[in-house]
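Each of the two complexes below includes chain A, the first together with chain B, the second together with chain C.
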Partner chain A sequence: MPKSRFAWQGPCARIVHKRRLIDRFLDPSETHLGWALVLPAIVLILIIVAYPVTNLIVNSFYDIRLSRGLPVRFIGLENYVAALNDPMFWRALKNTLVITLVTVPGALMVGLGLAMLANLPFKRRGLIRLALLLPWALPLAFVGLIFAWFFHSEYGIVNDFIRRIALLLPSLNLKPQVWFNSPSQTMVAICVATIWKTSSFMALIILAGLQTVPASLYEAAEVDGASKWTQFMEITLPLLVPSILVALIFRTLTAIQSFEIPFSMPGPGEELQTLAMYIQLNTVDYLDLGYGSALAVFMFALSMATTFVYLRYVRGEKA
Partner chain B sequence: MTGLLSSVRMRWLAAIIVVANGAFPALWIVLTSFKSEAELTQKPITYWPQNATLANYIAAFRDQPLPVYLLNSAVIATISTIVSLFVSALAAYALARLRMKYRDFILTGIIAVSMFPLVTLMVPLFEIMRGLNLLNSYWALVLPYTVLNLPICTLMLVSFFQDIPRDIENAAMLDGCTRLGSLWRMVVPLAAPGVFTAGIIAFVNAWDEFLLSMSLNAATQYRTLPVGIQMYQGEWAFPWHIISAALVIAMVPIIIVVLLFQDRVVSGITSGGLKG
Partner chain C sequence: MAEVALRSVTKRYGAVEVIHGIDLDIRHGEFAVFVGPSGCGKSTLLRMIAGLEEITAGEIRIDGRIVNHLPPRDREIAMVFQDYALYPHKSVFDNLAFSLKLRKLPKEDIEERVRAAAGILKIEHLLDRKPRALSGGQRQRVAMGRAIVRQPKLFLFDEPLSNLDALLRSEMRAEIKKLHQRIGKTTIYVTHDQVEAMTLAERIVVLSGGNIMQVGTPDDIYNRPASKFVAGFTGSPPMNFLPARIAASPVALEILLGDGSARLAASLARAGAYAVFANRNVEFGIRPEDLAMRRVGANDVSLPAQVVVVEPLGAETLATLQCGAGEMICRLPPNEAPAAGENISIWVNMDKFHLFDSASGSVLRAN
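Presenting the complex of A and B:
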C-alpha cells in the first residue's frame, strides 16, 4: 500500500495536483460549477422550507401547548382526531372551500372578460395595462380594508348605488344591505373583494396568451364564414387553455390559503374564519403548536391534492 | 359609417370599464381620505370632497408610527429582493446553461417550493424563529421572503438566460475569459433587464406579504406596512377617514413602482412570475 496517492507519480505530483485544484477552482468543469452555483439556492430552500416542513410533520404528533408550560409529549394521532372532532375546523374548512369555489371560477370569468376588453385595439395601451396591474400590486390586506369601506352599511358606496338604483327602478325592489351583519352577506363582500384583486392577474395572463394567437387563424376563419362567437370558442379558447391552466393552479392554491381579505373585513368574526385564519389563531395566539401543525398538515394535503388533480388534467390534455 | 362609429364607441366603453375596474377602488380611497369625519357620516354620501382637508393625514401619522412601518417594509423587501436575485441568478445560470445531471429534478423541486402553502410554513417558522429568539427582527422576515421569491426569480431568470446567445459566451471564452469571467462580463450585463424585472416582482411580493409578517413580527417596532395599516381599527371602531389617509400613504410607493416599471412588471408576470 502506497503511503500517499501521489507516491507513484514522482516528486512533483503533489505540486501539480495543487496547481490543478487551483485551476479547477478558477475554471471548473461544468458539472462542478453547476453544483456550486445551485448550492446556495438549495441550502436556503433546505433551511427555510424542507427543515420546517419536516419539523411541522413531527410536531403534529406531539402535544406542544407552550402557553401551559407543560413538557412536550408524544400523543400520536390525537391532534388529528381532535381536528376531525372540532366543529371550528370544519367550519373553517367549509368557509375556505366556499371562497375557493366561488372566487376561482369568478376570477377566471371576470379575468377573461377584462382580457377580451383590453385586447381591443387601443391607442393608449399603457393606461389599460396600468389599470390591470393595480389590483395585482395592491396588498391583499389593503384590498380587504378598501372593500370593507365599500360595503359599509351606512356610508358605503355599494349601498349608495343600491339606494340610487332603487329610486330609479322601484320595481326591482332593491334594498341597501347591512353587509357585515350576517355571515352569508359578509361572504359576498369577501368574494367580491377577492375576485377584484385576483381577476386582473388572470386577465394579464390571458391577455399575453391572446396576443400570441396568430391573426392569420382569424382571417382564415373569417373566410370560412365563422361567426365571432365560433371563432372565440374554436380558436381563441383552445389556444388559451395552457396559460389559463397554469394561472388556475396558482389561483386555486392561493384561494385555499385565503387569509387577509376575510381577516380585514369587520364581519361577524369567528363565523367566517378560514382554515388559514384558524391555523394562525391556534399557532400564534393559543401557542398550541401541535394542533396548529396538524391543521397545517391538512392544509398541505389539500394543496397537494389540488396540484395533483390539476397536473393529471394537464397531462390528460396533452395525451 | 354607423358600424365604425359604434365600434369606436365600443372601444371607449371597453376602455372605461377596464380603467374604472382597476382604478376606482384606489381612487375612492383617495377621495375619502380628503373628507372630514363629519362629511363621511352624512347621508346621502358625497362623492367629491366638499371641504377637502389634510387633517386625516396628520391623524394617520399621529395615531400610528407610519414612517417606522414604511421603513421596515422598505428594508425587508429590499434586502430579501437583493439576496433572492443573487442566489437565483447563480442557480438560474447553472440550470439554463450548464450540462447538469439532475437539472430537471432540481427545476421540479424549485417549482414544488413555489406551490407550497405559506400558512403551512408559518407554523414551523414561528416555532423555529421563537426558539432562535428571532421573532420581531428583520431576519424573521428577510429569510423566508428570500426563499419564497427564489422559485419565481429562478424560473424567470432561466428563461431570460436561455434567450442570451451562447456564441457571445463562447467568444468571450475564446478570448481568454474563464467561464466565471464570461458569466460576469458578458451574461450578467446582457441579462440585466431580466434580473431587474425579476427584482420588481420579488419586491412587490415581499412588500405585500401579510401572514408571516403579522405572525412573526408582531411588535410595533418591526411591523411592516400591510400589518400596520390594520392597527388603526379598534375592537369595534373603524375610523375610516384616518384609515383611508393611511391607505393612500401606504399605496403610494407600490403605485410608483408599478407606474415606473409597468412594461417590466407585465413581462415578468407573464413569463413565469406566476403567483398572485
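Presenting the complex of A and C:
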C-alpha cells in the first residue's frame, strides 16, 4: 500500500494541506465557492429554459413539415416573412391583444376589490380567503366549459338573468342573446370567464401586499384627517404598487398565452383563434414545426417586451 | 392647550374588561405619563383618548367637549406612534405636509409650517428624503414634526422611544422634554420604562391591570408610593422588600424581619406614627440608596449581611446582600464596595423605610 505523501511530514502538514484546499475555494474572492453554489441552478435553467428556447429559435429558421417527412431544410427568415403576410396570424394576434387588454385590467379591478373585501376585519374571513382560491384551483378548460353553459342561449344563467331583468324592467328592452353566434359576443363570454378565473390569483397577490401595510399607517392617516377614500388613494394604492406590478406581469404573460378558455368554448371557430391556438393548429394539427416555432418566437418576443416594460417601470419607481 | 378629563372610562373586548372605570384629569399644558407593565392598559387608554379605540362606557372630554364618538381627526390631537407610522412612499416634506394638505391650507402656509417644524427638530436637510433613508432617531424626529405641524391642542405619544437604542433614547428623551417646554401643549405620553416616566413627567399615572394605582409627581411616586406595586415598579434597581412584623414595645417600635431574628428599631419620629400597626404582618420596603456601608444618619440601624454579588457600574456599585430575612440590593459608592462573600454590617436609613400591608400591598401610613 503506497504511503501518503504527507507521512514523512506528520499530521500537521496534512491539516495544512487540507486547509489550503479549503482556502482555495474560500479566499480568492470566494469566486470558486460562489460558482459551485449556483452551478445546480445554472444547469437546471440551461436544461429547462435555455435549451427549449434555443431549439425553438433554431427550428423557426427551418422548414420542418412532418407531414412531408424528413429531411428538414434551412430557409432563413422565410417562416417569419410568411407569418407577417399571414392574415390568420394577424387575426390571432389581434384576438390575443383584445383578451389581454380587456382581461388584465378587468382581473386587476375585480381582484383588488376581492382582496380589499378579504382584508376586512370580520369573523370567518378565513372562509372568504379560502373561497378566493377556488376559481384559481379550477382547471382552465373546465372554466371554459362552465362558462359555455353559463352563456348557453337556452339554459344559460346569463340569459336567465337577462330574461328576469327584462320582465322586471321592460323599458330596458333587454333580450336574451345567442352568445356564441357572433365573434364579438363570444369574445365577451371568453373575457368574462377569463376575468372570473384569473381575478382570484390577482386577489391573492394583492391580499398578500395588503397585509404588509402596517395598521399604524391608517391610524396615523386617520389622526391626520384622511377619509377612507383618501386613505385608499394615498396609502393603500401606492403601497400596493409592487404587488400589483408582480400580479400584472404574471397575468399579462398568461393572457398572452390564452388558450384553454377560448379553445374550450363553442363559437365561430377560427374567427376567435388566439396566438396560442394558432401555434397549436400549425404545430399539432398541421405538423408544421418550423412555422409554428416562428409563431412561438413572436409570442415569446411579445412576452419579453411586456415583461421588459413592467420591469423598467418597477426600476423607475425604485429610483 | 387642552384639559383632558376621563370619567368612569371602561373598555371591554367581548366579555373581557381591560380598563375598569378610570377617572383622571389632565391639566392644561401638563406633561402626563402613563406608565405600567405590558398589558396594563396604558396604550388602550391613550388610543381611546385619540379616538382609535371606541370606549365601552364612560366619558372622555377634551377641553370640556365630550369626544366619545368623535373621529380622531375632529379631536384636535396629534399622535406619535411606536413604529413612527411614517408614510414610506412620501418624502419627509410630504409626510409633514399631509395633514395640512388634507385641511386644504394654502401652499405657502404649508411650506411655512413644515419648514418651521423642521427647524425646531433640526431636520431641514432631510425634507427631500424618503423615510427608508433615515436613521431611527431621524425617523423619530420626523414623526414628532408631523405632530407639531398640525398645531394640535393635545399631543399623544405611544411608546415613541422603544425602538431606539439606549444612547439615542436618552438623547430623544431630552429632545421631547425640550419640545414640551418650548411648545407648552398638553401631552400624554405612554411608556413602560419608568426612567422615561420619571424624567419626562410632571405627573405620572401608574397603571396595572386596567386600574390606576397612583397619580402623582415623580417625587410622590418615588418617595411616597401608594402601594408595593408602585414602589416596586419605580427605581432601578427597584425597592427591596422583606417580610416583617411590627412589634409593640413600651418605649419604641421595632420591626422584626423574617423569622424575627433581625430587629430594626424605628426612629422615634416614625415610631409613634406606626404604633397603630403593632403586631401586623407587613412588607418592609427600603430603596437600595437608603442602605450604606457606614452610619450616615443618627437613625441608621445596622444589620448583619453577607455579600452575594457585586456589580460595579462605574459611577456606583450594586451589591446583592443576604441578610437572613431575604436578599436586598444596595447602591454604594465604588470606593466602599465590599467583596463577594464578605460578611458585613449594612446600615439601614430608618427615616426612609416604607411599610406595606402583606395582604393588600397598600402602603401603611399613619396619621
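Throughout what follows, the second predicted complex is superposed on the first by the 272 of 319 C-alpha atoms of A that agree within 3 Å, B and C clash if a C-alpha of one lies under 4 Å from a C-alpha of the other, contacts with A are read in each partner's own complex, and residues count from 1 in each chain.
By definition in this document, contacts are C-beta pairs under 8 Å (C-beta built on N, C-alpha and C of every residue); 3 or more make two chains touch, one makes a residue touch a chain.
Owing to the predicted nature of the structure, the values given are computational and were not obtained by experimental measurement.
Clash-free side-by-side placement of chain B and chain C is the outcome of superposition onto chain A.
Legend: residue contacts after superposition of the two complexes on their common chain; A:Val72 is shown touching neither chain B nor chain C. By the touch criterion defined above, A:Ser264 reaches chain B but does not reach chain C.
Once the two structures are superposed, chain B and chain C can be ranked by residues of chain A touched, with B on top. In the superposed model, A:Val143 makes contact with chain B only, not with chain C. Seen from the C-alpha centre of chain A, the directions to the centres of chain B and chain C diverge by 80°, a value given as a multiple of 10 for the model superposed on chain A.
Here the smallest spacing between CA atoms of chain B and those of chain C, following superposition, is 12 Å. Of all the residues in chain A, the ones that touch chain B in their complex are 26-28, 30-31, 33-35, 37-38, 40-42, 44-45, 47-49, 51-53, 55-56, 59, 64, 114, 117-118, 120-122, 124, 126-143, 145-150, 152, 154-155, 157, 160, 163, 196, 198, 200-201, 204-205, 208, 246-247, 249-251, 253-254, 256-257, 259-260, 263-264, 266, 275-276, 279-280, 283-284, 289, 292-293, 296-297, 299-300, 303, 307. The touching residues of chain B, counted against chain A in their complex, run 10-11, 14-15, 17-23, 25-26, 28-29, 32, 40-45, 87-88, 90-91, 93-95, 98-101, 106, 109-110, 113, 115-128, 143-144, 146-147, 150, 154, 178-180, 204, 207-211, 214-215, 218, 225-227, 229-230, 233, 238, 240, 243-244, 247, 250-251, 254-255, 257-259, 262, 265-266, 269-270, 274-276. Here chain A touches chain C in the complex through residues 214, 216-217, 219-226, 230, 234-235, 238-239, going by the rule given at the top. On the chain C side of its complex with chain A, the touching residues are 50-52, 71-73, 77-79, 81-83, 85-89, 98-99, 102-103, 146, 150.
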